[in-house]
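Can you keep this structure in mind? I'll have questions shortly.
Which chain is which? They are A, B, C, D and E, in the order written, and residues in each are numbered from 1.
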Amino acid sequence: MIFGKVMGTVVSTQKSDGVQGRRYLLVQACRPNGDLLHECHIAVDLVGSGHGEMVLLSQGSSARQTQDTYQKAVDCVIMGIVDLVEEKGQFLYQK
Amino acid sequence: MIFGKVMGTVVSTQKSDGVQGRRYLLVQACRPNGDLLHECHIAVDLVGSGHGEMVLLSQGSSARQTQDTYQKAVDCVIMGIVDLVEEKGQFLYQK
Amino acid sequence: MIFGKVMGTVVSTQKSDGVQGRRYLLVQACRPNGDLLHECHIAVDLVGSGHGEMVLLSQGSSARQTQDTYQKAVDCVIMGIVDLVEEKGQFLYQK
Amino acid sequence: MIFGKVMGTVVSTQKSDGVQGRRYLLVQACRPNGDLLHECHIAVDLVGSGHGEMVLLSQGSSARQTQDTYQKAVDCVIMGIVDLVEEKGQFLYQK
Amino acid sequence: MIFGKVMGTVVSTQKSDGVQGRRYLLVQACRPNGDLLHECHIAVDLVGSGHGEMVLLSQGSSARQTQDTYQKAVDCVIMGIVDLVEEKGQFLYQK
């Protein structure tokens, strides 16, 4: 998985993915300490993420291993909200 | 998923993918505000996208999770047309 | 899919892929107008591509969705020969 | 697979992956001699890795081919601890 | 597939992949003429590759389409030894 930060919302009324009742969020990849990287993803939110939160993105076929995305044409989901990232007893990031 | 903009059409009469009645579109990756990136993809259009529209690309095995692409040798589809991208109440992009 | 140009042939007598009667071609990624990029792929040719032709590469598990590559250890196939690439009524590439 | 070094721990209480009793570790990609690269991954630890150890990361659908991750929404696991990396009889890395 | 050169051996006694009796080799990506690129992979050797040989790497789920790697947590295999790479009647590489 990779780290990302929730930056906004994506609205798409014409979709062929078949996902019901889940938001599409704009997520920008980030470093373990929260510093933003350039790369952006649009991910189905499975955990009720809020703006600015650091999240875990799961990609590819793994993104379809949930009840909401099973056999759907999505390749990226937010599968966890990060509470903290620890390195050698120090917190690189804390929610 | 990633953002892209529909730039043109790709014609290929000798194909072994078995996809019927769907266009292959030239899609250039873009930023959330629509600024073009360098990377290009050829994607099967599932939603009737028009030239210049911002779309959502789904890649890999997820591109085969639709009626039109099931068990076909395609690895990229346009699965949604973007209506708007919102960040902190502001519109980064609007159709 | 991505664009590529057929640059040559790859011979490998010791292989464990089980693909029968198909050539392995050296394909260099290219831009929609045919300009070569740096990246190279070795792809199973499913459509009888010739030297210098622009082709469509399908990668990953999608490369196995054909009769010739079903359940084979290959991750890249040439699944189409490009006839033309059109942008706003102009031809970026024509065979 | 790629090489990585275990740098820390990631805590996420709201997760939708369904993985039980396994830690999420922060792993930084590295060269065969252990020199760190920029890229970071969050991986499910299957082998009891310790801080600073060089490990093997398996990604994508291959990350789900274990008892702990079968049909789970994870796309990266630590599947081995590296004991040594040898090149021409010399050790590039030794645990 | 991509080209690589066998550079060494990787020893890992604690593994959770379940692969039996196959070596893990250090493979460095290379150009069609054998010039080394920066990127390294650790691949299961299926064809008895020797040090310095140019090989074909198959990645992702395709790496599991062999008897030795079926349903194993590996995402990269050496599936062929390259004998020669030809471009316009000239040999870019010959074993």
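Definition applied: a residue touches a chain if its C-beta (ideal position, glycine included) is under 8 Å from a C-beta of that chain, and two chains touch if they have at least 3 such contacts.
Everything quoted here is computed from the prediction, not taken from an experiment.
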item: Partner chains shared by chain A and chain D (touch criterion as defined above); value: none
item: Shortest path length from chain C to chain D (each step joins two touching chains); value: 2
item: Length of the line joining the C-alpha centres of chain B and chain D, rounded to whole Å; value: 33
item: Whole-Å gap between the CA centroids of chain A and chain B; value: 20
item: Chain A, residues touching no fewer than two other chains; value: 60-61, 63
item: Ordered ring members, chain B first, chain C second; value: B, C, E, D, A
item: Of chain E, residues touching chain C in the complex; value: 1-3, 31-32, 46-48, 56, 58-63, 65-66, 77, 79-88, 92
item: Complex contacts: residues of chain A adjacent to chain B; value: 7-17, 24, 26, 40-43, 51, 60-61, 63-64, 71-76
